[in-house]
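Shared chain: subunit A. Partners: subunit B in the first complex, subunit C in the second.
Moving on to the complex of A and B:
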């Protein structure tokens, strides 16, 4: 009896609240523009998925405060996609059930890969703000637009840092620099290595060693000994965190020194790595924009940080929020220009956007390649670790706040 | 230059072998006595490494100094596991015991993830990158300590089993459970002792490995698979075999890693399969029939 009463009450409460929601959305329907947002907000990817979502959300709040799009307020219909199955079904649901005409997301490459596929099939434009895997924009999709830098940019920029910054400083040309490429052998490492090799060939830098290894290994001394035998001037290393720590510690043990050592994001971007090594000054890295960057090249960055802190009462956890904030702003501009959510108008408007580098909060420009939908004016930045275990921007020169230190200190010079 | 590099590869291999031996000794001891494969062995190592980390983090205890405490802690955890999980399942089929230890392993991983997050934690010590150099050859000090620790542990446990009354009782019950019980060996106590000892070994390993590696919730899986290969190679249940097996796998990994890196894992799993096919009792194994997990 009691249970029945309780369930009656519960149902009543649900009906009433549903009624309110219904009334609410009816009243507002005329003034809001709804967009589907797909992010991993639970599960393994949640930590950075949430940080990414925050960026897109901040752009929305800011846009609405400035009058929204076409004078209407923007609203996200948020879907949680912790894995690829969920990404597929949530994209379907947003498009067919919730009738979304535009989607955004996702932070993770595997999620983006399937979600964009569903969107393309339904002729719904999809703006990807954070996933870097190249194939996402290599399938010839008409309605997929990626605002951030792709993975191929990492290897490319790593070689440019060596060729354009390190070589001249040491009185060498790129052709004098013997390069070694070391990488963990999953898709991440092999992609970065492939593009590093291609760029090295383009600038005529000889590759003297090309060493893949499993990221789960307990011992990297064979790899380091082979590198030592090849005697390179510079190393480009793609690693997750465990192998990045192991490599550095064993390189120290075996006295393997080079003039320039460039990481590819991943483990080399993490504070856990820096803490494990101690003195990391002079280690180079390539990654998305960091907060230590020339503010004249990234107008609006300080405002973003302030908006973030005001909204979430804490500083940004990582640059993921920033690139999503940037991406959402680009998307709003495309919408404004298109005048409606019609897929072809959105496409036309997106392709016509033309912003040079150095004028946005990330420093990235906007120019979508009509064939791929990739923003060709977004490339990762060259970074350098400081003694205080912070990363400062060194490349491109217009965005730099510090000068490269080459040759980097040897292990012996670092002492303990 | 080539010969120098080759000798350095050998040194690295032997030192890596010491690390594998360190982890395998406890596993083989537990298997030899209780005939249970502890799939949570890697997670016990993970716990020991976390304990070492926290002792260093909060009280500044050097991981080498914490080894005794770690051994005691892990002894208790091991004995409790035996009493609480394995003992009630002793008469169940082997597959049940395997499920139980696999379950324990997954549970421990997730508890660690919940309590300590997925961060990679490392210890910074004054000696961690110091080394002994002979000409151009380098021997990393922490790796040398791990190697010496593994060797000392092998000798101590071997001596204990051979020469003490308790050790003999443990061996008796390992050889014939029924007969040992008939002559008055307390089976429950000996099993708890053996499981505790095996776990204490991995406690020592945790302290000795912390200056070399890092700890995170699934670090155990990086080592436990190799430890199984080592145990099979050395002969399941054989302490000296675990030491020798560790060194062999370390050498195989270093040499194949240097000359045929792409096949590194393939090489030692090929060895694993060959041993299972042609000498299932291992190099020093206790003889045919002993390799089975089956219960009477």
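Moving on to the complex of A and C:
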């Protein structure tokens, strides 16, 4: 009993001492500008949360090497928010205990909802770099700014890729193409699907199936069989990684082929998905800018990739790091212009930023809508997977480096 | 008598706290602790006293929260009426689960509660028109007593404190009532209890219904505080497990147990994440897990019971020494 008690005490002591080590390292370094960074770094969002954080971190490293902001070094106070409750707590903590005057984050939309709400109520500007759900910037918040494309852009671009690139190549009009929309039923899938449907209706493309499913499922064959019965020409699929792999594997087993298959980022942007499927040539996708893009349209992209590889000793996992890098750079520019961390000055500076498309590392421009805080010059890109498991840009035409292949190869043609 | 003095003293201390504490984050942690202590209290009634392990308490919590959120956002009903509706639905639902299950022996109640929480989660995803599905419901920020939304943290603090005090008082009262003794008797030996003339199924059902009502009230408080609700946040199995965990760590079947459990685990979780969250990925959860394992290994009966036993042995020793 005594030994047990001792070991228990020892462990508790270890916990506490480690805790204080963490606290101390935050306390030092006085002449820096501190910004709170909220990302999901543990739990099931951690994978892309970490990738997103790396992007913001690289922008910080680069900025500091160039002299920082107002001649001071920039420092992030990093907080882990694996779920919405944690996002609220961490935003509270960073603002009211660590006295952060500026926050950034978060990659996940539900986390962004909660964190931006706390920030807005405390009059702390919040720069969102990666969460795409539209309502984040539709609540009339004064101090929430989103640098990346919203979800509505994903569904819209997916339909445009089919209507403007795929249809003409097959000698069809958008009205001839039967479209099926499949999506995982959380916030992300639901939003993408909603806007895809709206854009399809706008261009007159008939939607023959609209199928939600839970991303936690381990069998998608009922969904695929329903789709097979609807016999669509094109599929727009919104999925996380596990369900994206599952869907493709089961589609192969059930011989479900379509002329065009468009992912919506998420799982369909992950190399892990491509590796699990094997031959992914001709699969289409819509996402934030990837690395195979017309470099004249995205100056600074190569420098980013080099910086990433030098820092993390591996190539970027996805474009999430790039958009966070872009977002952080925009935020630093706004800070520089504002001259201080005063909320209203930051807001003024952010709104006054004006960069046209095709001049930044993502190809996105910068122009915040003063009413919503949304960057109106950011839209996702149309992409296509190649045989070498790389994503090349196909849309918009100014940024394209390859031409679309339609109809895409069938599962039989792909073989093993 | 002494117990009363202590309880009132602690209550007075907690009431005075917002006057001194100015950092909103600490108030936030207190509010969370009050909320989860009340939620654990509700679990304690059925899981602690009656010994019926529920792993679906998130369902009642979520029903209360959703009833209130849907009522105020979709139909413009006052959250107070939403609260009443939520409580009624939660009680009816818990009766519907309990009625068949409490007649059976074995893990049926536990399994039904898990399954039911999952069903409710799926229904909220499915009834998109009503619940907004996975998108979740954002409650517009319109402060006012009528809306039960406040711009500062202090009103939430006092409401939370009152909620915890009342639910703890209820547990205290139940523990000393005939009803409480019935429940404990059923927990210890259902056959013996039946032989004494206790209608075990009926009393378990009563306990489950009261418990569901409290859980629903907690849900309403949660949604009015967070102003955002999504199925992942309230119907997660983790929410149910947390209620059970805090009670078990604190001491299941004791009136003070859930409060002690919540007062230990909520700040622990929050501070660990604050300290270690940014430093090493997931380390805070590993430490949280270690603490749980150690507590359960060293004091399986929970903190309250162990401390009580320690005090008792000390007292008897003292008596013995005096006798010598």
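Brief remarks on what is shown
Methods note: the second predicted complex is superposed on the first by the 320 of 416 C-alpha atoms of A that agree within 3 Å, B and C clash if a C-alpha of one lies under 4 Å from a C-alpha of the other, contacts with A are read in each partner's own complex, and residues count from 1 in each chain.
By our rule, a contact is a pair of C-beta atoms (placed from the backbone, for glycine too) under 8 Å apart; a residue touches a chain by one contact, two chains touch by 3 or more.
This structure is a prediction, so every number in the text was calculated from the model and none was measured.
Once the two complexes are laid over each other on the shared chain, residue contacts for A:278 go to subunit B alone; subunit C is not touched.
Of the two partner chains placed by superposition, only subunit B is touched by A:253; subunit C is not. Legend: residue contacts after superposition of the two complexes on their common chain; A:228 is shown touching subunit B, with no touch to subunit C. Looking at the shared chain after the overlay, A:214 reaches both subunit B and subunit C.
In the superposition on chain A, A:170 makes contact with neither subunit B nor subunit C. By the touch criterion defined above, A:46 reaches subunit C but does not reach subunit B. Contact with neither subunit B nor subunit C is seen for A:376 once the two complexes are overlaid on the shared chain. Once chain A of one complex is fitted onto chain A of the other, the partner contacts of A:83 are limited to subunit C, with no touch recorded for subunit B. The partner that reaches more residues of subunit A, of the two candidates subunit B and subunit C, is C.
In the three-chain superposition model, subunit A touches both subunit B and subunit C at residues 214. Only residues 1, 5, 8-9, 12, 16, 19, 119-122, 124, 126, 128-131, 138, 140, 143, 212-214, 216, 222-223, 226, 250, 253-255, 257-258, 261-262, 264-265 of subunit B touch subunit A when the two sit together in their complex. Residues 211-214, 216-219, 221-223, 225-226, 228-229, 241-242, 245-246, 249-250, 252-255, 270, 272-273, 275-276, 278, 411, 416 of subunit A touch subunit B in their complex.
Interface residues of subunit C, counted against subunit A in their complex, comprise 23-26, 28-29, 32, 122, 125, 128, 133-136, 138, 141, 151, 226-228, 230, 232-233, 236, 270-279, 281-282, 284-285, 287, 290-291, 294, 297-298. The touching residues of subunit A, when paired with subunit C in their complex, are 4-5, 7-8, 11-12, 15, 18-20, 22-23, 25, 37, 41-43, 46, 50, 77-81, 83-86, 88-90, 92-93, 95-97, 110, 113-114, 117, 121-122, 133, 135, 139, 185-187, 189-191, 214.
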